[in-house]
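This is the structure, below, for whatever I ask next.
Labels A, B and C are assigned to the chains in the order they are written; within every chain, residues are numbered from 1.
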Amino acid sequence: MVILGSGIVLSIVVMTLIAPWISPYNPSALNVGPIRSPPSPQFPLGTNHLGQDMLSRVLCGGSIMLQVSVLSVLLCLAIGVPIGLISSYVGGAVDKIFSLITDSIYAFPGLVLAITIAAMLGRGAVNMAISIAVVYIPSYFRIVRSHVLTIKELQYTVAARAIGAKWYTILFRYILPNVVPSILSVVTVNFADATLTAAGLTFVGLGVTKDIPDWGWDLTDGRVLLPSGAWWVITFPGIMIILLALGFTLMGEGLSELLNPRLEQ
Amino acid sequence: MGLRSYIATRVLLTMPMIMLLLTFVFLIVRVLPGDPVLLHFEKAASPEAMELMRRELGLDKPLLDQYFAYLAGLLHGDLGKSMQDFSPIAQQIFSAFPATLELAIYSMIIAVGLGVFLGVRSSKSYNSVQDHSIRVFGIVMYAIPIFFLGMIFQLIFGVVLHWLPTGGRIYPGMEPSGLTIGGVHISTGLYTIDSLLEGNIVKFLQALRYLFLPSLTLGLVLCGVFIRLTRTNMLETLHLDFVTAAKARGLKERTVLYGYAFRNAFLPVLTMMGLQFAALLGGAILTETTFSWPGLGRYLVDRINFRDYTAIQGDVVFFGLLVALISLIVDILYAYFDPRIRL
Amino acid sequence: MPLLEVDSLTVEYWTRRGIIRAVDNVSFALDKGEMLGLVGESGSGKSTLGHSLVRLLPTQGSIVGGRIRIGGKDVVGYSEEEMRSIRGEKIAFVFQDPMTSLNPVKKIGEHLVELIQTHKPNVSREEALRFAEAALDDVGISTERINDYPHQFSGGMRQRIMIALAIALNPDIVIADEPTTALDVIVQAKVMDLLKDLCGAHGMALILITHDISVVLERCKKVIVMYAGNFVECADSVSLHNDPKHPYTQGLLRTVPNIELADQRLESITGSPPDLLDLPSGCRFWPRCPQAMKVCHMKGPSMVELENGCCVRCFLYGGLEQ
């Protein structure tokens, strides 16, 4: 499953990277073909209401989503993991405060929070990434924290303290390596959710500006074309989003199965 | 510890979280963007207009004062005034709330009903084709963006087949008005219930017709979680000792499956329902936008487009409180069903 | 006619590494009210035998040969529904771990009432409750606790509740699978005595499955010793104790510490039970047998019946003629 999932993700990444070279038309160029025309040999995926070629848009449209996902995961890792490690290791009031804060964020409906933050920060890929990251940091915090609390009391950590190891040594050389597998699981789920949330943010108008080809935009714009039955405008970008999210999810499922082998019946 | 003391403790513990939540929303909406009024007007507007707004909405006072006014207002059910026309936000929210509630209820029914049913079947036929296909179904469903699924449904059932409406809550003019008994007016705001109260089957069916696609969309996307949860728990529980012991006493298969296996596997489903409620509200935003459903989600998106920041704040606060309330109820229900927790 | 007749029963488990024959062609009979002890190490197949009598083998296990006759009728061929109707009512099972054998969300009174009403649907709830109270009383649990939940009881008390559930409907046969292994020593004795007394008082036959031979010698009239899927000796408890025939039985008896002797070294049987996927050739016990002969490496002995009604599976007592 991991292979399948990573395969899907990798092919999408590659496709996005080489897209500028292989797309038949400039995805943002208007009126390269008749507007709202169904799939044909000249435009295999049809054209939208602005006369843009859907094939080119589909090939290039993943870049924003990938960027946003990667950025948000990086942010989460950079903020969530250290805070989780330090907070749970130090314990006491600090830990209680951070736990309370992250629990409150965690309890909040994710999309609502992301939309609100994005609304206040404004449009753009970076802001999208930040909103998603804020929603996800509590998950990282929690996973890291639960591991740290367990390992903190294990023999070899106590032994390390007994020989006077510095706290950051213990944290990074003893505890962190054990937490990494679980973090990986969260990372893949994070990627999948980030993709879907980014699409959602774009759908409500909080994504990137319109001149950049993006699958989310195609879905939003394509909405008005539905009554006329122009199904191709939303279908193909939609399938791409599904594939991307699915790819990440499969990676995550496969990984967690590898890391926690299920009990054989 | 009895059930009552558990409830009391739980409620007390929720207080700090709610406080934190309220503070958060305040920070994000009022403090983060700097000056919400400026942001609202964007381009140059007359300073008088801005001043007027500030005064009307109490935004000219120092930040701390605003914070306390905000909290005090909440205690009275006052969520502030809209930037668009200075009308009370609470009123707007309360009129939009039943629509979201109705959508949420039906979606949850579909998600849990379908999810649990498929999960139980999946666990009974472990490792079979049926088992694997159900699991794949759940995973794929989760990966579909809600609004995309909604649009596909609209396309197929609305545009192509013309079977179901693609937007709105009911045919204009057909809103049910509930029941009036001797001067007392009973109406829940939920069209399906109100139409039954009224005794009007036509309205009831129409309400269901409009409700069908949005709740199916939201329900399908969320059912994946329940499939997986039910399946895992049933598999575990079916092999537990007390289930075998129950079989050894000759109890009927249905008793064992539901009274023993499921009842113990069910509790996590209940908790998950509470957790998923938050996801449900998030998904409702997208569903309502897609289907032009006049609920809190669409209200939020509307207000964002209008840059009506006070309304955004009010709506988000309401969302948060709603989720906190539901979590509380779920926790209490859990304690009722599982006596071990109370100790 | 004996109450229970097991005839050439063979039970196999399917595993990834191959098929394990946990019970290999065993036969025995049980009379009404008789108390039988089934003794063996882990992996001897005794638990599997017990489970197959109520047809509650795990999914990988199946009865591949033989007959189990209860009251003259062969239950190997019974459908699941037919089995269900006799379980609890005609033949009851007491499980090993009392901590996990009760439904955590049901009151213990409910456990009993549900059992009674399942098998006797015409009984009203009040009557069932009275039955339940009587059963609890029989096992020494205060009837005031009828509305308590399992987690509110200790291990020993939970096992008593399990016993109450087993005897509530006065079954003909009670099978107890290591009922005291999970309990501490003092409680063990109490629970064992309780089982014995109740079965005696109500005329129920008891099959006591255990690895502890000392427990069965005190309480059971007949004892069967099992090793690696085979019965190796059956005798009445007195004969078994005074004059054990099979080397394995002798070894088992030697391992029981005697509190009256000072300065005693703890004995054990050398070696460990065989891997059922890789059985030794000939007699399964020969690698650990202090009296093994050449023929034991080559052929497996069959059961030999001795004068006083006991049986032994060992070339020391015969069977060399074939």
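Basically, a contact is a pair of C-beta atoms (placed from the backbone, for glycine too) under 8 Å apart; a residue touches a chain by one contact, two chains touch by 3 or more.
Worth saying up front: this structure is predicted, and the values here are computed from it rather than measured.
Chemist: Using each chain's Cα centroid, which is most distant from the centroid of chain A?
Modeler: C
Chemist: If you tally the C-beta contacts, which comes out ahead, A-B or B-C?
Modeler: Looking at contacts between chains, A-B has the larger number.
Chemist: Report the inter-centroid distance (CA atoms only) between chain B and chain C in whole Å.
Modeler: Computed from C-alpha means, the inter-chain centre distance equals 54 Å.
Chemist: Would you kindly tell me how far, in whole Å, the mean C-alpha position of chain B lies from that of chain A?
Modeler: Distance between chain centres, rounded to whole Å: 23 Å.
Chemist: Which positions in chain A are in touch with at least two other chains?
Modeler: 265
Chemist: Listing for chain C: what residues touch at least two other chains?
Modeler: As it turns out, chain C has no residue touching two or more other chains.
Chemist: Could you pull out which chain B residues touch chain A in their complex?
Modeler: For this pair, the touching residues of chain B are 16-17, 20-21, 24-25, 28-29, 32-33, 126-127, 139-140, 142-148, 151-152, 154-155, 158-160, 166, 278-283, 285-286, 289-290, 300-301, 304-305, 309, 312, 316, 319-320, 323-324, 327.
Chemist: Chain B touches which residues of chain A in the complex?
Modeler: Within the complex, chain A contacts chain B at residues 100-101, 103-105, 107-112, 115-117, 119-121, 192, 196, 199-200, 203-206, 219, 222-223, 226-227, 229, 231, 234-235, 238, 241-242, 245-246, 249-250, 253, 265.
Chemist: Quick one: in the complex, what on chain C touches chain B?
Modeler: It is residues 54, 56, 80, 83-89, 92-93, 95, 97, 100-106, 114-115, 118-119, 149, 151, 162, 165 of chain C that touch chain B.
Chemist: Quick check on the complex: what are the chain B residues that touch chain C?
Modeler: By the definition above, chain B touches chain C via 240-242, 244-253, 255, 259-260, 263-264, 337-340, 343.
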